[in-house]
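Common to both upcoming complexes is chain A, partnered first by chain B, then by chain C.
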Partner chain A sequence: MSNKQHVLTTYKQLIRALVKSSKRAKITQMKEDHKREIALLTYRKIGLVRQQASDPTSSSKGQNVHQLHDLTKRIQMLKSSDPSQRKDLHFYDNSSRLRQTIFQDLPSDESVLSKRLQHLSDLSGFVKNQLEYEQLVERYNPGLKMDQEEKVKRTAARVGLQVPDL
Partner chain B sequence: MFSSLLRGSTIALRTASARSALRPVAAISRTSLVSPLRAYSTGLNRDDISARVIDVVKAFDKTTASAQVTADTHFAKDLGLDSLDTVELLVAIEEEFDVEIPDKVADEIKSVAEAVQYIASNPEAN
Partner chain C sequence: MLRIGSRTVVHNSRIWNARFNGWSASKARFYAKNAALGIDSTVENNMQTETNRISKTLKKFWSEVATEETGKVITLTLDKKPVRTPLGNNLAVSRDRRLLALALQHEWANLATKSIKPHSLPITSLVSRCIDLEYASRPDANPELVAKIGADREDISHTLLRYLDTDTLLCLSPRSEFEGTLRAAQDKLYLPLISAAEKFLSDTANQHVSLQILDADLHGLRGNAQPEKTKAAALKYLRSLSMWDLAVFEKTVLSTKSFLCGLLLLQNKSVSPSSDLLLTMEKLAHCATLETVYQVERWGEVEDTHDVDYRDIRRNVNAAAIVAYKE
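Our next item is the complex of A and B:
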């Protein structure tokens, strides 16, 4: 019983660390994807509008209007949705594989088992500390994750200039 | 005569500096007396909590009958979760409310209602 309890506690630690560390990366990834999709949809929309303008007597006008409406709706939806609010971020994706690797040959011997569990909790400690380390590095070096545009803007602002709006 | 005058002035300076050093201490103690408590946001009501917990349970892809998650769903009996699944679900609930459920308490939580009960009793949940 206490063995089982111990295993569960260790598993919980591991899952907690993994969820916490994967969450940030996932949110960034999703935001990036969102941006890309919005750009793509906007591009398509512009294409449609151009096509309509160049060929006003087209037979598929009604269809075009419908498509345009659809695209606008999807862009609106993407813009209003916030990926950090999603509930599936709270779960670890690969848990079935993780379980397989952990539990397929769980040793029955007491000392070997405790060694294995110690190893697993070391792993979760590593994941947790690595996350913290990354956050600190990022906080102390704000330029690391800035994109080029932002960097140029701030560099110009430092000497009292402004980048022109294009 | 001149030296005594100087000495007097240094004493005056010293008392003045001592007084000015004392003053901010007094000011700090007064302000800390005004609001000794920190104001936590207590905007969580029970319906909100239970709706959010249910959403989290629904988002869990191992739940078998995710359509009928209600406030008194039992994790093991109704959803067919084993102990490891329950652990994952509890971690997800922890993440949702930004708390850490201690292991002893977490062992007792076996249904949505119990999770809601714990979150409602935890002042740090948000």
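Our next item is the complex of A and C:
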């Protein structure tokens, strides 16, 4: 019985480490996706506005207004949503497979079991340390995460210039 | 990325070359430049590979990371296409390393930044090295390829053997330092491991061998060298390893600067570990960095160096342990 409990605690530890490490990546990925989608919607909105301006007597005016309204609403929604609040960040996607891999044919032999437990804690140790390592590297090298635009802006600012807003 | 004092193992930059079926099939194959011991000096390159593609365009070009079981192996796939190693082999692990496959998938599904840095995929890079070494060690392998990835078994073994002379676990500090506390800790942690390793090597060589310890109180400042008999035993041990295990061994020795740590790690992950060599990976990393622990205690922690190194060695040792493990 104590063996089973031991496996369970190790498993929980592993899940916690996995969730923590994927949370950060997921948030970044979602933020980037949002940014891209907002740009796309804005582009479509501008297109619609232009079309309306060039052809004010169009028969589909009512429809256009409706579409415009819809786009604005979607952009607003994306802008106000915060990916870090999402509930699915608290779960690990692959947990059923992980559970199956770990709990299927649990070895009865004491030494084999302890080896597997060691393996599980190695895995959570790796995930944890890799996350911490990446965070440290990022903290000490802020330039790594900057995109090209930001780098150009800062480089210009160093010599007292400003990049024009386009 | 250049940082003083941090152990950014360039080995990982092999991942720049991990390639991807389909996109690269029509193009000529590019190979990583050679350097001894799995250290790849290509920090940045223009190879038309998929990891390079993502790091340069900053666009994630797949939507789904999955693993696929076919026959005896589990292959990592991006949008159903297998990821490739620098030599163009599929990034695949055998069925008895299920959790390793899961770890690979986790690594690819959770890229924090789209600019892939050499340090961001340690497991992928180690597994790639394992697969490519196995591939290059086949009798019909192209000798040019073997030279290119530094896959010559004897070369690797002899270079790794040099770490045994000045092994971290074999260099003992003078008793005058840190009021003798460091030496006391070394005696307590290292000596049992050294005698266990001696016994293990003696069993391997079928004759008694001893490890030469560099004791600062007795020998002062000088180099250390192992007796020929010990070297022969260590070489015999290295020859007995599978190519996969040798790659793991190499990774461990390079991260810990200790031949004995490599031996301990593999023995702990072997089918029947002998009881006097048992220790956890955390303890192993602690042994390899014992002196730093005391230096930090006395002089304080240097930012961007001690903290980064602390995590770095642990992630590397744990990664090696995960790759070595087999059901």
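Here is the rule we use: the second predicted complex is superposed on the first by the 166 of 166 C-alpha atoms of A that agree within 3 Å, B and C clash if a C-alpha of one lies under 4 Å from a C-alpha of the other, contacts with A are read in each partner's own complex, and residues count from 1 in each chain.
Following the convention adopted for this analysis, contacts are C-beta pairs under 8 Å (C-beta built on N, C-alpha and C of every residue); 3 or more make two chains touch, one makes a residue touch a chain.
Given the structure is predicted, the values throughout are model-derived calculations rather than measurements.
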Touching partner for A:V49 - first (chain B), second (chain C), both, neither: neither
Touching partner for A:K12 - first (chain B), second (chain C), both, neither: first
Chain B versus chain C as contact partner of A:D88, first or second or both or neither: first
Touching partner for A:V152 - first (chain B), second (chain C), both, neither: neither
Most chain A residues touched (candidates chain B, chain C): C
Which superposed partner A:L161 touches (first chain B, second chain C, both, neither): neither
Contacts of A:V65 with chain B and chain C, given as first, second, both or neither: neither
Intersection of the chain A residues that touch chain B with those that touch chain C: none
Residues on chain C engaged by chain A in the complex (per definition of touch): 1, 3, 58, 60, 98-99, 102-103, 105-106, 109-115, 117, 119-120, 122-123, 268-269, 272-273, 280-282, 303-304, 307-308, 311-312, 314-315, 318-319, 321-322, 325, 327
Complex interface listing, chain A residues touching chain B: 4-5, 8-9, 11-12, 15-16, 19-20, 23, 86-92, 95, 99
In the complex, chain A residues that touch chain C: 18, 21-22, 24-26, 28-29, 32, 93-94, 97-98, 101-102, 111, 115-116, 118-123, 125-127, 129-130, 132-134, 136-137, 140-141, 144-145, 147
List of chain B residues in touch with chain A within their complex: 55-56, 58-61, 83-84, 87-88, 90-96, 103, 106-107
